[in-house]
Each structure stands twice: as structure tokens, then as C-alpha cells.
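Note that chain A is present in both complexes that follow, paired respectively with chain B and with chain C.
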Partner chain A sequence: MVVADTVVSLGVLAAFYALLALGMNIKYGHTGLLDFGHVGFYLIGAYTAALLVLPPESGGPDTIYIFGANLPAVVGDLLFFLPSPVTDLLGWLVAIGIAMTLAGVVGAFVALPTLRLREDYLAITVLGVSVIFQRIVQAESWLVNGPDALRGISRPVGGLFPLDGSTLGGAVVFLFISGAVWAVCAWALGRALDAEILEVAEDGTRADGSGDRDSTVAGRLHAVATLGTDRILGERAATGGDGLLGTVAGLGRNQHVGSALIAGTVAGVVGAALAFAVPMGLVAWGAVVSVFTWVVVLVWLARFGADFRTVDYLATLGIGLAFMLALAPMYYLTPLWQWLPLTVLAFAVVVGGTAYMATNWDRFADRQFRYGTFAALWFGVIWYFPLQILTPVLNGNLGTAANVVFDSTVWMLSFSGAQPTIGYSRFLLFFFGALLFVCLYVMELTVNSPFGRVLRAVRNDEEVVNSLGKDPFMYKIQSMMLGSALAGLAGALAAMYFQVLVFTIFAPRVTFIALLMMFLGGVANNRAMIVGAFLFWAFQTATVELAGFVAPGLRENIQAFRFVVMGLLFLALLYYRPQGIMGERARTEMGGSE
Partner chain B sequence: MVYSIAEVPNFAHGDLLTLGAYVALLVNKPGNVPLLDLLVSEGAPTTAALGVVFLVGAGGVLGAIYALGGVEALLGSWWPTRPPAAVAVVVHVLAAAVVGLIAALGAPSIVAGMVFAGAVVATLGPVQERFVFGKFRDKDVSLAMMLVVSLALAFVLRFTVQTIFGGTARSYSIQPNVELFGATINVAVVKFIDVYVSGAGLVLRVTDPATDAVLFTGAYSPVVLAGILVATVLAAYGAYRFRLGTRAVVGPYLLAAITGIVVLVGLGGLLSSGGAVPESSMYSSRVRLSILRAFIIVLALAMMGVLHTLLRATKLGKAMRATSDNRQLAQIRGINTERVTMSVWVLAGLFAGIAGVTLGFLFGTLTITMGFFLLLPMFAAVILGGITIYGALVGSYIVGLSMEVGLFAIPNLDATYRVPVAFVVLIVVLLVKPEGITG
Partner chain C sequence: MSGAPLLEVENLQKSFGGITAVDGVSFELESGAVTGLIGPNGAGKTTTFNLLSGFYEPDGGAIRLKGRDTQELMGPAPAEQFIWTSASASSLGLVGMGLGRILAGVSPTALLGGAAAGAVGGAGLYYGQATVNGVRDSHKHSRPFQLARDGMVRTFQITRELEEMTVLENLVLAPQGQAGENLLNAVFRRDAVAEDEQQIREQAEEIIGLLELDHLRDEEAGNLSGGQRKLLELGRVLMLEPDLVLLDEPVAGVNPALTDRIMDTIEELTDDGLGFCIVEHEMDVIMSLSDRVVAMAEGKKLAEGPPSEIQNDQRVLEAYLGG
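Presenting the complex of A and B:
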């Protein structure tokens, strides 16, 4: 399997788990409510969406459920003039919306009697509520098939995939996907440049006048990426644009959103046209967009390692390589008693060496966090490119090697079939990612609003909030509603992803995972939820591959051991770095910045 | 006890039960335990396996004593008197050896497993405090963070057990026959206790369905019955008045209850006359009880009695009660609250180990989540009772009875709703009286 597929499915899982963690963040990070029953709302979202999307019960003995609203078909009948994939998607979106709302409402109802309790009583009580939900699903066979799995949840527009660009539907989908990716990359590039400008402005303009944004490579790249719209919008804003373009210009000047959107639209249309008209158009434009994403990632990394010199890059490469080599015995030796002690020994040596360097080498000690990040990134890069072509290169099969490198680079397309196509997993990544970004944006607006400020005040000290005339109870209820609605959204997306729901999915272990992701990313930092979710699933994916090296009888034990390691790392994280990887974002409150 | 003294709502406590239940497998079914089964041949444990079990059991006892205060505790510092160090060490080693021998030689008895599990988990309880909770408490983290830490620890424990034992469900092997004074008693099969109420009085009959033997028949005419009841009430009231106002270990209510039961059973045994089962009765009922289950009831009562004695009659118990009421005042009075906290963890571990084995026996199968799902009823019991030690006793009986009775009382309720019933009780208590019964 091509590594790009692994990373894409990793991204899909991370996307809806990030939503789950985001809900937890709203409840705990922003309002201080510890909700150990978070999984209960995940359950409600998932089963509601499933029931709304399933066709009415066919009466067979396999699957019994209380009702099936079959929304995609209903919407398809109502809006018969629209093509069926669109109505399918719309039906799903309606189901997701209803699931979200229901989860939020249930969250409010659960909160009403329990919010007045002390923290630990609240945690126990909501844990009990989630267990009750799980038991109801398990015991009542008429509701959602009881202890048996609820099957048959169809995926939206699933029938269309895999798509190649030659059909109209495929071209349209490619328009959206490539356009969205281009827009996000252009926006990210703009933000990277902004940060650079800020840094330069603080240091004063450089002697050679290179502080001007247009003259750096990244600056020129940004100008190209936004297809010059940035400059146009900048100029228009200066002269006071009007109407729609003026508003977009306002966005463009401050957040690069406007220029990114316009550039994205253009790129999407170009891509769709190319894919539709030209036989190799899909691959060509897919390659261009994919390479663009890699370039943006490199720009961000360069900014992240701003004061890194060659020796730093080499050192982190060495550390990443050492970790990869420590895993080598596992690959090449078969009997357990041979590779296990060797691997453990190798790991101990590498970890010990890294710890020694971290404490004794100045360059490392000053930049521990970035060294760690870069070492992990090198590990990932080594896995992604060289390791995959190791076997073909050793066999002298350079053609295959080049092919593999090309497939890995062009991650947007799936090369597993005869033709390069857009697989369903890419679509899911785009769909989930779009929903995630929308929710993140809305949540950022919320927490930066006066409402968010009251929430943080409630978290810090309720009495103060009371004395200022606000009722903390109402704000807590609203926060519970929001967080539970997000958990419901994650559940609905999970129903779409898994297609089969069993009550064992919704165990308290999921709340534990959400907590872990939240603390890992950074409490009260919304964007860090993506980091936490991605790291968690990266760890899971990596160790799942490792479990393949063990005898089948021991597989379950290894799966459990992964959780032990995760739990121990979580405890260490809570002890040594409770603010998480990214920490809480400094906010400028009303009254100016500090 | 941990909640009230160490101030930690310990979500990992349920998994201590799971750990205890699985640890007893080393004694009960050594051939079924990974790594240990390498030392078992043809179903019978080799001396090596027995040696391992002995060492682990003895190590558990010594570790628990070590947790009480380090090396000084091994030399006897935790004794109420001041013994010479040599005597204390010898006594400790002997106690450890006895526990180890019970575990090794008593295999595969479930009672030996209980002893073994109690000793091992008694060591692991303080380890939790020393390496996790204590460290976080020293950092002065918020209550919410401690909750998260305890939940993380719960999952670490649970998955450690799963790492070692795998995910398959296991069960204990119960030896049905016990040799006692030359006679073989079947402890696993239930006995029937039949009660018939008719016009001629009360007839009590105990039969053994396996052998169809009648073990006891007693008929009580209404007059005799009335006499027995009056005598019981009088005796109980007398005992109550006898102890009223004193501060003895066995207080008025306790003595009244004990006296009442003794008088009831004694008179019932003495005054029974042989009789036949009436053909028609106004009311009849049958209770099914096996000796092993009766043993569990007796064991629970005995352990509570031991705890009660410890709390009332020993200095450590008094220190525990003081620390539970007000930690700072206890420190002012010179009580070593660190040592008290550690002893509480040792006790909690001991009780959790034994309880885990009991749970595994009663539920029939051992699963990884059995302890965690008992956590809610446990919290319900503790909160209902009021987060004091006696409150927990009262609360646990109420919650336990309501769980089982509720399942029968509410028609058509599936057995999976056992825990939700406890939880509903908890919600009602939290809404009506959050301090609990004794709070």
C-alpha cells in the first residue's frame, strides 16, 4: 500500500477525532468543566446520524432499529432537479446537522441537574450518564439492534468513487478538492510571510532592504500562488474598494483569506478543466497542487527552524535515523527472542544518547522543543520516502523506485488502480477537513468573543463572574451544549467513516483518548486539537504496523501494551508539560495587549 | 477510605479489583497464566511455579509492610508497642512466609487465591500513591487534574492486566469438595432452605438437592415462635442499654445486633421440634444458598469487623479517623499523616484484592473491564454514605441491595441495567442530599 494512502486515512481519523477533542476543549479548556462522559454525546451523534440515513427497516432478522429516515433519498425526491450525488451529500449534511443539535440538546439536559455539583461529583455523574447511554444501546434490541452491530450505513456519494477526471462529476469534485487545497496552502503561505514581516519589522529593516516582502523567494512564491490577486486586492484596498471586492479585499489585507479564496477558485477551475479535457490532466494538475503543498510545508518548516544551521539539521537527521535504525532488528530477524532484546537494547541506547545530548550539548539544550520536532519529522520523512524505495533500490529496480517516489509525492491522487484516480479517502479527507476548518473558525470566533471571555472567567473564578452580574450557570450550560454538539458532529462523521456501529465503540476509553488528545495538543488552544489528534493517530498507526511483527497469539497483548505506553506517556506529559505541546495561546484581552 | 483520607477520587480503584481478580489466577489456575504456564506441566504446577507463587506472596506482604514506613517499618516501627528490631523482623518474615505458603500450597483453592491477591494488591496500592498521586499532589495540581491523572492510571492498570493476560475471558476453577474433619463437604452446590408458614406454625427445612438429604428440619408452633421473637428483642434491647453511653469498641447498636442474632439462632436451634412439611401453607418460599456464597457474606462481615476494630480499638485507627476528619488538625496533634495515608492505601489494596477475587467468583468470568464498571456503584455507595468510612459501609449495602432488588422489582429490566440502577440511586442522592447519609 502506498504510504500516501496511510497518511491520508490517518488524516481522516485525526479530523473527526480532532472535533471530539475540540468539544472536550470547549468544556474543560475554556470553561473548566471536566466531562468524563464526553463519549455519551459522541454516541448520540453517531446513532442519530445513522438512523437518519438508514433506509426504513426491511424487517430482516439481522438488523432491527427503531426507524430509518433515509434522508438522502428524501432530499433526493424533494430536490429532484439536482443531480443525485449533490442531494446525497445534502441529505447527509442535514442528518449531521440534526445529530449535532440533538447531541447539544442532550448535553444541556444532562448538564441541568449536574452542573451545580462539585468537580469530582460532576465527573462521576456524567461518566455514569455515558455508561447509561451505552447500556441502553446494548440492552434495547428494538432501538439500534441491541448488542449486534448496526450495519448498512451508506456513504454519501460513495458510488461515484474512485473518480478520474474524465467525467463531469469527477471534474467537479476535483475542482472542489484541488481548489480547497490550493486556497489553504496560499493562505498558509501568506500567514508564514506575515510572521516573517512582523519579525523583520521588529528587527528593523535589514541593511540590504530585503525586508520588502516581494523580494524573498517565499514572497515571490506567494505572489504566484495567489495569482497576483493579493497585489490587486492590496491595491484596491488602498484606494478604498467597494462592494463585494472591497469586503474581500478587507479580508485579503488582514488574513489573506480573500486572496486565498480567489486563487483557490481559479486553481480549482483550471484543474477541473484540465482533468476533463486532457487525458493526463488529472495527474498533471494533481502533481502541481501536491508539490505546492510540499513547498508550503517546507516554507513553514524553514520558518519554524529559523535559527537552525546545517549542524542542527544534520543532528536532528541523525537522531531520526538512529531511531529508525533501532527498529531494524524487528524487520530483519524473525524469532521473537532474537529481535525483542536487540530492539529494546537499541532503543535504550538511542534514547539514552538523545537524553545525554539534550542535557550536555548547548545547541540541543537551547532548542529542545524544536530539536524534538525536527527529529520526529526526519523520522517520518525517512519512513515516507527512502524506506519505501529501499527494497526496489537494493534490487536495482530504479523504475519502481521512481514510481513509488512519484506516487508518494502526489498524495492527492490514489495510484492503487490501473489509472490514477481520486479515491474515496481523499474525498473524506477533504469533506472532514472542510467541516473541521469551519468548526475551528467558528470556535475561534466564539472564544475570542465576549462570550468566550466570560467562559474563561468562569473557569478561573466563578465568584468574580457572579459579582459582575453574570450567571455562571447559564454560561456553563451553553458551553456544555457547544462541546456536546461538537462531540455529536464527531459521532456523525464517525458513523459515516465506520459504516458499522457497535456499542463497544462508545466505551469510556474514547473519553480518555479525547482527554489525551486535548492535553497533548494544549489545553484551551483550539488549533492544537488537530496536533493532538494527529500525533495520537500517528502513534497508533505506527504501532499497528509494529504489531504485525509479532505472532498472532500475542497480537492482543501488544495492542493492550500500546495503550499502556500511551497511558504512561500521558502521565509523564501531565507531570512535566501540563500545558501540552502548543500551550495555551496568549490572547489580547480588552484593554490592549500586555 | 482513600477518598476521605488521601483526598483523591480514585478512578483507578476499580482496576485494582480487576488486578486482584487476575492475580488470584496465579494460584487458582497457574497453567492458565502467561509466562507462569511455562513452569506448569500437565496441569499440575511444578515446584518452580510454586516457588514463584511463594516468593510473590511473601514479597507482597513484605512490600506492604515496607510501604508503611520504609525500612523502619520492617523493623517494627508501625507496631503499637516498641518491640526489639529482631523480634519484629522475625515476625514479619514469618507472616510473609505463612502467606506465601498458603498461596503456594493452597493452590488451587479460591480462598488461598484471595489471600494471595490481597497481599499482592496491598503492595501495589501504595505504589500508586508513591509514584503517581503523591508526586502530583506535591505539585499542588487542581482537583480536576487529579481526576484526569487517576483516570489515566486506571487505563494504564487495566491495559497492563490485558497485556499480561490477553483479552480472552477467564474464569476460576472452583473446587467443589472440601475435606473437613474427615467428611467431604460440597461447598459449591447450593442448598435449599425452605420456609413454610401454615396454621400450625413455621416450618424450616434445609435440604441438599445433590444428595437429597435433609440436613435440618425445624417446626415452630406460633407460641414458640412468639416466645423466640420476644426473647430476641428483649436481649437486643438489654444489650443496647448495657452499652449505651460507653465508648467501647463494640458499641450499643452493634452489640444489640450481635446479641439479637445469637439469641435468635440459638433459641431457634434449641426450641425446634421435629415436624413434617405441611401439605398446604399460607406462604412458602425457598432460598438457595451455597456454602461458598455464605462464606463470602461471612467474610465480608468479618473484614468489616476487623476494620471496625482497627478503627476503634487501635491507635492507627484513631489516627485514620482524625486524618479523615481534618488533616491539618491531625498534623497539629502530632499524627504522622503521611504514614496514615500509606496505611490507608495498604488497607485499600488489601480489601480491593480480596474484593476482586470475590467479584470474579460471583460474576463467573473475569473480564478486563469488570472492575471499572463496578466503579460507578462504588462511587455511588461512597457518596451516598457520605465519604466517611462508616458511611461507605452503609452506602455500599444500600447500593448493592438496590442494584439487585431493583433488577427484580422493575419488570422487564435487562440485567445489563444493573449499574445504571446504582447510578440512578446516586443521582437521586446527589440531588437530594449531596453530603450523603452520614455527611
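Presenting the complex of A and C:
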């Protein structure tokens, strides 16, 4: 498997698990409701979405379920003038919306009798409720095929993939995907520049968006990437201009949003035209967009490591490399008695050395968080590029090596088949990523508003909230609804991802995985949920990859053993960094105004 | 002293197990006046406070805020009634659907009819029990937030700050009916919320200035000293713009300078027409602040009158000296 494919499938999993963790974070992180039954709402979302998109039961003996609303087909009949991929997707979106709503309503129902209980009793009661949900699904065979799997969940727009841009439909999808990626990147770059300029704004160079900004490479790149619209919109905003451009700029009350939308539209149209009309156009434009994403990531990293000197970059590279090398015995040695002690020894040395540096070397001690982040990134980069070309380079096969580097760089396209395409997992990544982005945005608005303030007050002390004339019960109900609706959304996406649902997917451990992700990222920090979900699945993926190096007989043991390792790491995290990797965000200037 | 009684307490009763904490206490609180509540430890002062503010349910007697029984005020709010009605209606609706399925088979008429009948029955059940409970004397409501909405606010003997929130956040949390406390407004009407928030912040800054907490505005409440917490609690109560404030030991453990500041603030606000009821062990404070004093011992009212009278009351002195 090409390494970019691994990362993409990791991203897809992380995206819907991040939504699950986000729901948990609203309940526990922000409101203090310990919901051990979170998975129950995930289950409701998944099965509701599945039943809504499944066609009516055919009467065959293999799959029995209560009803199939066949929403994609229904929407297709209603909006017959639209092409079927669009109605497919619309049908799914309606199903997702209903699944979310139902999960939210059930969340409120479960909350009604349980919310009056003390925190620990609440946790146990909802855990029981979620197990009841699971047992109902398992036992009632007429409902969703009982203990057997519910199969045949179709994916939206699946027929268009793998997509090579040579058909009209394919070109339109490529328009949306490349346009959206471009717009997000342009917006992110603009934000990065703003944040950077704030630090050097003392001499007033920022006045109208000109000056210092445009003289940096990133600034020029941003001007090019937004086709100059960012500057025009900035000037318009400064002079109070209106008209079409003013309307676009007003879309997000932020010139970066307006310019990113314009540039994204243009980029999407160009990409689609190229892919449709020119042979290799898809590869060319895919490469351009992919490179743009890499550049934006680099700009953000440079900003994040603002006070890093060369020695810091080298030191973090050294740490990342040391961790990678510590795994080498596992890769090169076959007998268990050789690699196991050597790997453990190497890890002990590297971990000990890192811990020693972290406390005794000032540069490291002052920036532990950044050092940790960069070391982890270097580890990932070493795995992503050099490690993948190690064998071809050692064999003197430089052409293959260059090919692998190109394939990994142009992550937007899949090179697994005969010709480069955009595979379905890429589409899922964009689709799930977009939904995650929207949910994260809305949740940030929510927790930063007076509503979120009351939630945190409830978490702190319910009696005080009560004495101030606010009903804690109403807020807790709403928090349960919101959190459960997010779990329902995650469930609906899971149905789309797995295509087959079995009751075992919804075991109580899923709740605890969501909790783990929340604690890992940082309680009461919405953005940290993405970090938590990504790290969790990165660890899972890494252990699967590692298991591939050892003898087949041992693989299962390794996969079982990883839960032990995960438990130990979690323990260490709670002991040494109880606030999670990112911690709770400071909110001294919070409020409805942003 | 001026005006009609803001709060009337009549023959208040409360016991915990075998211990009678409050036994037939009656008094009145008025606006623009400070009433002191004194008594030795265990006299039932804090229990009385908890009863007045709705945190405890009385065993007997009546409390009337601005002429209305607080039990009536503390009934469920419309939003809560809506939730319970719809929950009850939809649960019984589901049961009705199931019954329809069993009795008349699967047909839209049977299912929908059963659901509708169940829903009506469920809603009726909720309103039925609400009506029955409304008529029953022994049924007690306890929703303290309703009393705060009607203008009676309390502080706590052991201060209860929202420790993970800053001083400013503690204050801006308090006002009633903020636009942004509605989830939909918070997401969709951000301009209105921002405007509202701006006003509340200005009000909070004023109170911070009044209490001279300026240097602590962005400090987490958990890091404040005991005296500063007392001030913050007072400030939080004032943000609600109440008519009647119940203060439970507002100067306990507070240094003399801060005590003076708290007393000045209370006097200023009394002049503005607020009513105060204060429980305090610091006799100098209570005697100089209060317009009237109610003395309690062993759950009963011993004496009531102006401070000068109470100071010389033989029964009060005996109670305090353990006579």
C-alpha cells in the first residue's frame, strides 16, 4: 500500500472518531456530565442512517430489517432534474441529519431520568442504557437483522470512483474537491500570516495588509494563491467599498474567507477543466494542489516553531530519528529472543535520553511541548519519505525511489491502480473532514458564547448556577442533546464508512476510546479532539505496521499487547500531563463577540 | 425603613430526622432596610436562609415573596413543563403505537391512531399530576433559580466561587435572560449576542470598580483570598439587580479594611432601596448595619426589634452566654 493511502485512511477514521470525541467533550469536558453510555447514541446514529438509506427489504432470508426508507432513491425521484450522484449525496445528507436529530432526542430522553443523579450514578446508569441499546439490536432480529450483520449500505456517489477526471461527472467532483482544498489552504495561509504579523506589528506595517506581509515568501505565495483578491478585498474593507466583492468579503466577516472562496472557485474550475480536457491534467493539478497543502503546513510549522534555531530543528530530528532507529532491531532480526530484548533496550535508552534532555537542557526544558511536537513530526516524516525509499535506494533503483517520493507528495491522488485516480477513501476524507470542520466551528461558537459559559459554570458548581436564577437542568439537557447528536453524526458516518453494521461495533469500549481521545487531546478543548483521535489511530496504525515485521504467529500477540502498551501510556499521560496534550484553552477574553 | 414587606415568613418549620432546626419562626423583611439574623451556633440561622432561598423544602409554614407564596413561584418553568409534557406524551405515544400494532395489526391508521391516543394520554397524565400536586398542601417545589429570577438572591456561608472561571467571568455569568444563553442565538444571532455581552461587560466593570477588584479581574476565582471571595460573591449577586439579598456571614474571616468596604457597599445599596437580610456573628457589624435584628436560639425566634433593644435583651444575652 502506498504510504499516502495509509495516512488517508487513518485520517478518515480519525475524522469520525474526532466527532465522537467532540460529543463526549461537550458532555464531560464542558458540562461535567460523565456519560459512559456515549456509544449508545453512536449506535442510534449508525442504525438510523443505515435504515434510511437502505432499500426496502427484498424478502430474502439473509438480511431482515424493519424498514428501508431508500432516501437516496426517494430524493432522486423528487428532484428528478438533478443528476443521480447529487441526489445520492442529498439523500445521505438528509439521512445524516435525521440520524443526528434522533440521537439528540434520545439523548435528551435518556437524560431526563438520569440527570438528577449524582455524577457517578449518572455514569453507571447511562452505561446500562447503552448496553440495553446494544442488546436490543442483538436480540431483536426483525429490527436490524439481529446478531447478523446489516449489509448492503450503499455509499453516496460511489459510482464515480475511482475518479480520473475524464468524465464530466468526475470533472465536477474534482472541481469541488480541489476547489475546497485550495480554499481551505488559502484561508489557513492567510490566518498564519495574520498571526505572524501580529508579532511584528509594532512598526505599523500591517495598516492595510500591505507592507511587511507581501515581502515574505509566504506573503507573496498567499497573494498568488488568492489571485490577489485578498489584497483587493482588504482595501475594499478599508475604504468601506461595497458591490459584489464587498458581499463576498462580508460572507465570513473576514477578508480571508471571501478571498479563499473566490480563489477556491477559480482553482476548482481550472482543475476540472484541466482534468477533463488535457491528458495528465488530473495529475498536474493534483500535484499543484498537493504541493500547496504541503507549503501551508510548512508555513504553520515555521510559525509554531517561531523561536526555533537550527540546533532545535536538528535536536528534534535527532530525537525522532532515535525513536525510529530503536525500532530497527524488530525490522532486521527475526528470532524473538534477539529483537525483543534489543528493541526494549533501545527504547529504554532513547526514552531515558529524551527525558534527561527534557529536564537538563535549557532549550528543550523551556519548550517541551514544541520539542515533543516536532520530534513526533520528524518521526512521521522519516517514516513517510526516507523509510519508504530505503529499499529502492539501497538497490540503486533511483527511478523507483523518485517515483515513490512523487506519489507520496501528491497525496491527493491514489497511484495504486493502473493510472492515477482519486479513490473513494480520498472522497471520504474530504467529506468527513468538511463535516468535522463545520461541527468544530459551530461547537467553538457554542462554548465561547454565554451558553458555553453557563455550561462551564454547571461543571464548576451547580448550586451557584441555581442561586443565580439559571436552571442547571435545562442546560444539562441541552448539553446531552448536543453531545449525543454529535455521536449520532459520528455513527451515521461510521455506517457510510463500514457499509456493514454489526452489534459488536457498538461495544462499551467505544465510549472509553472516545474518553481516551478526549483525555489525550485535552479536556474541554474542542480542537484537541482532532489531535486525540488522530494520535489514537496513528498508534493503532503504527502497531499494525509493526506487527507486519514479526513472524505471523506473533502478530496476534502484538496486536493484543498494544492494548497493554496503550494502557500504560494513558496512565503515564494522566500522571504527568493530566490536562492532556493541548490542555484547556484559556478564555480570558471569551464571549459572544469574536 | 419603608414600604410594604418584601418577604413575609410565617410559622416556618423544618426538622432533620429528630432534630428540629427551625421551629415556628415568623418575621418580615423590607426593602431599603437591613435585617440582621443573629443567634448562637446551631440556632437555625443558615437553615432559615436555605429555606428562604428555596434550597431546602419547608416542613410547614409559608414564605411569601412580594405577596406570592414561594412554593408557587418555584413551580416548574414553562420550558421544563414543555420538556416533561413532550417526554411523557412521546413515551406513551410509543406505547400506544405498540398497542395499536398488537390489537389492530400493522396499518397506518392503527399505528398513528395509537400514537396520537398515547400522546394525548401522556400529556394529560403530566398535567393531571401537576394539577393534583398543585392542590395538595404537602407537595413542595424546589427550584431555587425561580426565586432568583423573582428578585431574591443569596450568598453562601462558605463561599462558592466558580473556581475555574475568572473574576470577570463569575460576574458576567450572573445577569438574567442573556441573549447568548440561548443555544440558537449563540450560533445564529451573534451580533445581538455581542451587543448584549458588551452591556453586561460594562455593568461588570462597574461592579468590579465598586468593589475595587480591578487588579484581579482576570484572575481565576480559585486563587482569591477568603475576603476577596466574599466580595466577589457580593458582586455576583449585585449583577442580578435583585430586590432582596440574603447574605450568609458576609464578613466572616475578612480583614477589617475589607469588612469596612463590604459594609459601605451594603449601606450604599440599602440607600438605593435594596433589602438585605444578613446572618453574622460579628456583633459590631450586625448592630451598626441593621435597622432591625431578629434573634434566634434552638430553632425559635427569641426576640425582634431595633439593635439597641436586642443588645440589652436578657433572653438574647442568656442564649449567647449559654445560660
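Some observations on this one:
The definition used in the following text is that the second predicted complex is superposed on the first by the 558 of 594 C-alpha atoms of A that agree within 3 Å, B and C clash if a C-alpha of one lies under 4 Å from a C-alpha of the other, contacts with A are read in each partner's own complex, and residues count from 1 in each chain.
As a convention for this text, a contact is a pair of C-beta atoms (placed from the backbone, for glycine too) under 8 Å apart; a residue touches a chain by one contact, two chains touch by 3 or more.
Keep in mind it's a predicted model, so treat the numbers as computed, not measured.
Following the overlay on chain A, a side-by-side fit with no clash is recorded for the pair chain B and chain C.
In the superposition on chain A, A:Tyr384 makes contact with neither chain B nor chain C. In the superposed model, A:Phe549 lies in contact with neither chain B nor chain C. In the superposed model, A:Phe570 makes contact with chain B only, not with chain C.
In the superposition on chain A, A:Phe347 makes contact with neither chain B nor chain C. In the superposition on chain A, contact is made by A:Val464 with chain C only, not with chain B. Shared-chain residue A:Phe539: touches no atom of chain B or chain C. In the superposition on chain A, contact of A:Met474 is made with chain C only, not with chain B. The gap separating chain B from chain C at its narrowest, counted between C-alpha atoms of the superposed chains, is 13 angstrom. Common to the chain B and chain C interfaces on chain A is no residue. If you check the complex, the residues on chain C that touch chain A are 53, 55, 77, 79-80, 83-84, 87, 90-91, 143-149, 153-154, 156, 160-166, 168-169, 172-174, 176, 178-183, 185-187, 190, 193-194, 196-198, 201, 218, 236, 240.
Residue ranges on chain A touching chain B, taken from their complex, read 28, 32, 34, 36, 113-114, 117-121, 123-125, 127-129, 131-132, 135, 138-140, 507-509, 512, 515-516, 519, 556-558, 560-561, 563-564, 567-568, 570-571, 574-575, 578.
Partner chain A is touched in their complex by these residues of chain B: 9, 34, 132, 135-136, 139, 141, 143-145, 147-149, 151-153, 155-156, 159-160, 162-164, 166-167, 369, 372-373, 376, 379, 383, 414, 416-417, 419-420, 423, 426-427, 430-431, 434.
Chain A contributes residues 108-109, 112, 442, 445-446, 449-454, 456-457, 459-461, 463-474, 477-478, 482, 587-588, 590-594 to its touches with chain C in the complex.
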